[in-house]
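In the two complexes that follow, chain A is the common piece, with chain B as its partner first and chain C second.
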Partner chain A sequence: MTTATAPSDRSGISRLWNTTGITRLRREGAVAPITAFLAFFLVYVIINPGLLTRFQLQTAGNLVVPLALAALGQLIIVLVGGIDISIGAIMSLANVVFATAMVSLPVPLAILAGIAAGLACGLFNGYLVAYLRLPAIAVTLASAFIIGSISREVMDRPGGGITPEFYLATSGELLPYLPISIFWLAIIATGMWFVLQRTALGRHIYGVGSNIDSVAAAGLNAKRAQLAAFALSSVVVSLGAIMLAGSTITGDPRSGDSYLLSSIAAVALAGASFTGGRGSIIGTILAACTLGLVGSLLFFAGINSYWQYVISALIVISVVGIPVIWKRLYLALRKAHA
Partner chain B sequence: MTTTSSSPETHNGAFDPPTAGTAPSSDRRPGRFARILSRMPRSAWPLLVFALLFLIGGLIRPNLLSLDSLIGTATFAMILAIASFGQTAAVIQGGIDLSVPNTIAFSALSYLTLIGPLGPVGGFIGALAAGTVIGIINGTIVAKLGLTPIVTTIAMNGLLFGVVLLTFKNSELTVIPQFLTDITATKIDVFGLSVAAVLPLGLVLMVILQLVLSYTGWGRSLFLVGSAPETAKLAGQPVDRIRIAGYALSSFLAAFSGIIIVGFYAQASATMGAEYLLGSVAAVLVGGASIAGGRGSMIGTLGGALVLGQVATLVAVANLGSNIQQLIYGVIVLIVIALYARRGRD
Partner chain C sequence: MESQSTGGAATKVAAPPAPPSAQLVAANLTKHYGAVTAVDDVSFYCLPGEVHALVGENGAGKSTVAKMLAGAVSPTTGTITAGGVELNTGRIRDARLAGVSCAFQELALVQDWTVAENLALPDGSPLRGFSQRGATRAAEALLAELDLPHIDPRAQVRTLTLADRQLVEIARAIGAKPKLLILDEASSALAPPGVAWLFSRIRELTAVGTSVIYVSHRLKELAEIADRGTVLRDGRVAGEFSRGKWTENQLISMMAGREASRAFPPAPPLSVSERPAVLDVDNLIADGINGISLSIAPGEILGIGGLQGHGQAELLRALYGAIPATADQWSIDGHSVKHLTPERAVRLGAGYVPEDRKTEGLALEMGVGENLLAPWFRTAQLGGTPRLAREKPWMAGVLGSLSVRTRGPLEKSGALSGGNQQKLVFGRWLDRDRRLILLHDPTRGIDVRAKQELYTAIMGLSAAGVGVLWFSTEVEELVHVCHRVVVLYEGRVADELSGARLTAEAVVGAAVGSASQSKEQL
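Presenting the complex of A and B:
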């Protein structure tokens, strides 16, 4: 890519790019998903201007936030070069433990119980992957069976003690036109951004995904970084499970199932590299928003909502695939030109 | 089937202290027993474990130690095995096929739809062709666009779910043609035993597939592409085409299993494949395949399915419920990958 065509007047523009963070976003592969989201949002608002009413914003927020958190959890695992098949099961377990704890415990303790349950799963996966060096996909496949089974033992049918007050606290409105779910998502995502970008541990997580041997050779504790990634991921996923419990006002041992495939799809749409080391938080959130709202867009457009599965798949394949084709064409053209 | 022929072996059975062996990272010589074990082909392990579980079942409840019980478990396991043969091919060439569940549903429902215009056999061929096209699309996206197999096949799985829901009116599709019942559920006589036709059918399929994998150039190339794609490319192998063919085989077999499942259980629905998402990967892994590619066998996958099937039988007998069965499946997969990883590292 580095050719002799480097004009000197580029520095000013590139500095502008850098200060706006666009270079970062490009490098993280987030430009395509952000563009896709903006296009999608535009189409959505044209078809259904009612989205911008208070009630619909709140509904859309409640729909999207658990998926966004599941996708962020998946993103952290993908950053260290793994993949988490058990993410749906972790979500189910945190969901039912939280809902069960709400029956007897005060809210903060119930939240802690839900997070602790998820964290235990994350540490279990992380220990096996980091310290026993087992492949993440196989470990999490096995733990998906185990964790899913445990969550159905905790609660065999939907229920639990989630109160209407908790619904308002997680899924109501903070301010008019500002759903509180979006507010919580912003807080969690910012926290995650801080850990990943502003702490040594976070940089190690990115490093492990780029090149685990270099990280280890540099004398850093690569295993601990991997374990920490699984732990952090499971906490984010558990928070998603608690948000889901709040918005549906129930705990459900199967509530996480559908998030396995959609979280991976969202991370793919976000342009993250599945070999690790590259992926954007904002891209992932917007990718989750896009995929989460396809169904309701079709509903408002009067199209059979079964189309959402087809359209989501096509969005993922084309947003991820088009840049690849584009690059191939570009390289081929340059070769022909030279 | 190319197991452990690399190390030069001394058959005199000497138990010398480790003076002669100066190989790095071996501070203890394996004993005779360990060496016999290490020479056993991987695919024999799951079969051995199955036999052990079968005997344990007999200890718990003597009437489980019967031919009827064996046939019952084997029939159940064979259905899972047939659904997992395609996954085996996908895993061997270094990928994974998470579109198996909805390929199963899609092919089952297209079969039931196609028998109207095309007849039972024509529908069979049509549904298999449709399945193969799915695999070719998967393979092309993975090989040519460079998308991750997981993402590609998940997207395909979602797309097929939409297609299934949009295309088929499931309630109208419950008439199973006699032809299909005959090759799956009908009891036939094999060596004086009455077994469901799906059992010999699956065995024949397994033998054919294993022969193709082990003894044809194309079969061997799947292993090569799975274990060392760069080397394969340098050796002039058409890696992309081999990959695409691997996914096509995977989807073809998933489509085949879809038709078999609908024939055996005599019912079809949009979610009929759901349990095979994790189930097929579990059977393949328990069967000794490496999730990283380059290793696996059809016999092993059948063995894996038999282990899972026998666990299901034991759990049912002990009245523990399907939930505990899932838990045990998970533990088994975990033990298996831990053991294989340890062996692979030595």
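Presenting the complex of A and C:
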């Protein structure tokens, strides 16, 4: 009958902790990755104060933004209870299609071509998963091979017609100390937040992942929501591919490969539920920033970069594990107190 | 089979001619699932402002009929007309647009979401806006309008009691402002005050001309709320009835196709036993339980009463070791207990039938046989087909003695009807040398026949000297089948009733904390 009420002490911290926004972040599992990012950022700046120079900020931005966009794409698929193994391949395809189109087409059309290529992949995956009810992991694994081959067919070695102007537009500086890549990321993430949190479609996407039967029983089109999630994801990933092409000034048929596992790691670090229905956009972005900067932190700390993966793994395990352990401790303490 | 009608309105009618003013006309509905005919030529109608009951045993087809009306399932043949619009698409959205909304028996809420988010889920197109604040405000308004002030729209549905979840589900269906409301076993988790709440909402709706299809097993409720009704048996219409012109026995015989009595079997007499109490616990403390002392003698059936959410569920879980608990003194069958885990509880001779058979009781994807054996698989034991073959006599005995309707141990347990699933959860403890059985409302939402079969089996356990701790939301059940009843209130024992003091009035009185005049309404 009684639902959990606020704790008895009405201190400022407790009130802040229970405001609607924080409660939602907590429920989406975003508190841990946000805290982890702040701690990581602090350590990074202590080891390498040079991060806060214009050049290094710009480099760091260019490094993390494609990863953040890939992770956001992965997040949407994870939200509907799937996983996208083809995310790296989609990224490569959008990347090479865009770079090739830049040779002959005006920039807006080239961007549209890149997005269209990614969207086609997303719709293909989404149709097989939502309407034919095939498991997402099998579908996307298969399509990863297909898409990978197509990318190499489009462009078999790095190249393409990306101009220095485009580099400046995607990877330069908007204002001093504000890399333009971060600006674009913010725009895309806000758009995605709007779709997921401020439209009914977003609710449907979260709902399909939480409990597909409930959504169907409420009289909604669960299949369409799943398809929409795959489509939305592929668009976000394609935008990441275009950002990547801009910052490297080339198209490369293998440019997306390394983003598959990093995107899954970032989503895990963000506290999203891999059975679907729970995951935070801000948490995912900050998780991607953390993982994306581990490599350069080690470089500045003078540690062999092979340790990058071990450090990333430790970060993921501790960020996912500490809240669990903390909760147990808290409960045990409270019981001992009572 | 002939229906045993003895005059009155409870007669078998072929196909009622629907008056043109009917809000809902279901004509000759038939539904085949493969070779199985779930519903066969069912016709009825419902007038505006009328409560039409659908009654029948589990597997009689009433849930399938309700799902067809709600648009969750499309009929193989036959037509459904709601407010003049024909609905046969099997799409819930179409039904909703035609003014039909349904509170489903299997709760259709997203557990991870807040009440507000769930209430906001059904409406509108995908491109419509959504905001947490707006949804919360709308939910607050709806819950206030429906007189459910104790439900917090910001609370996660997962944290609510089953009864509150059911209230939210009903509120959502009513909130859609339907012309036809379908309540599929909507009262199954509600305590008497919750049922009273539901009935006053139904009366408000019917007063403004809304029709209600009321699917229920509880005959007492039908007497109060149903204007007319249709009895289903084996997918066919077995008869119809209208207000005031039927008796419980008439309905039961129509449902069962035989003269069955609703009488509860008497608890077997308690024999004085040499053996120690099967359960003895002193000052048990756990989350939601504030010091409960109990003792159960071998063969004794101890009932647990009280309104939902006063610690009954927690008590059973704690006694089974499923949640952490401490006690000053605690023993099961004479063995002292310190830190109980379910595994250890089973080893000491306890068994548990949990609240929700679908999520806590069964592995729905696994077979009937493997579900029966679930507590008996040890890590280093034989599994798979050889194990099933070895346990065949035991499984056949359990399935037979409980009359589980299944194709055999290999059938997927998710394919069974609710009553039969419940028998599986219960049956795994039969003939396994149990000392103590903990039952969480084992007869909730199952049909009359399955109930009788469960009663018989539980009485059999009691006669064999097994102690039974039985939490039931049905007061009549507690009063009739238990030797003794303990009523919980706010995690404590409010009263202990036995002998002449064990009456329905006493149980209800103690449950609402009549001494302390609780503020609790539902």
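Everything below uses one rule, namely that the second predicted complex is superposed on the first by the 304 of 338 C-alpha atoms of A that agree within 3 Å, B and C clash if a C-alpha of one lies under 4 Å from a C-alpha of the other, contacts with A are read in each partner's own complex, and residues count from 1 in each chain.
Here is the rule we use: a residue touches a chain if its C-beta (ideal position, glycine included) is under 8 Å from a C-beta of that chain, and two chains touch if they have at least 3 such contacts.
This one's a predicted model, so the numbers in the text were calculated from it and none came from an experiment.
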| item | value |
| --- | --- |
| First (chain B), second (chain C), both or neither touched by A:Leu178 | neither |
| Contacts of A:Leu261 with chain B and chain C, given as first, second, both or neither | first |
| In the superposition, chain B vs chain C on chain A residues touched | B |
| Contacts of A:Val154 with chain B and chain C, given as first, second, both or neither | neither |
| Partner chain in contact with A:Ala169 - chain B first, chain C second, else both or neither | neither |
| Partner chain(s) touched by A:Val316 [first = chain B, second = chain C, both, neither] | first |
| Which superposed partner A:Gln308 touches (first chain B, second chain C, both, neither) | first |
| In the complex with chain B, residue positions of chain A that touch it | 83, 85, 128, 132-135, 137-139, 141-150, 152-153, 156, 261, 264-265, 268, 274, 304, 306-314, 316-317, 320-321, 324-325 |
| Touching residues on chain A, where the partner in the complex is chain C | 1-4, 20, 23-24, 27, 197-204, 206-207, 210-211, 213-221, 224-225, 228, 277-278, 335 |
| Partner chain A, residues of chain C touching it in the complex | 71-72, 91-93, 95-96, 104, 106, 108-113, 117, 120-133, 136, 150-152, 154-156, 159-161, 163-164, 172, 307-310, 324, 520, 522 |
| Residue ranges of chain B touching chain A (in the complex, touch as defined) | 96, 98, 141, 145-148, 150-152, 154-159, 161-163, 165-166, 278, 281-282, 285, 291-292, 323-324, 326-327, 329-331, 333-334, 337-338, 341, 345 |
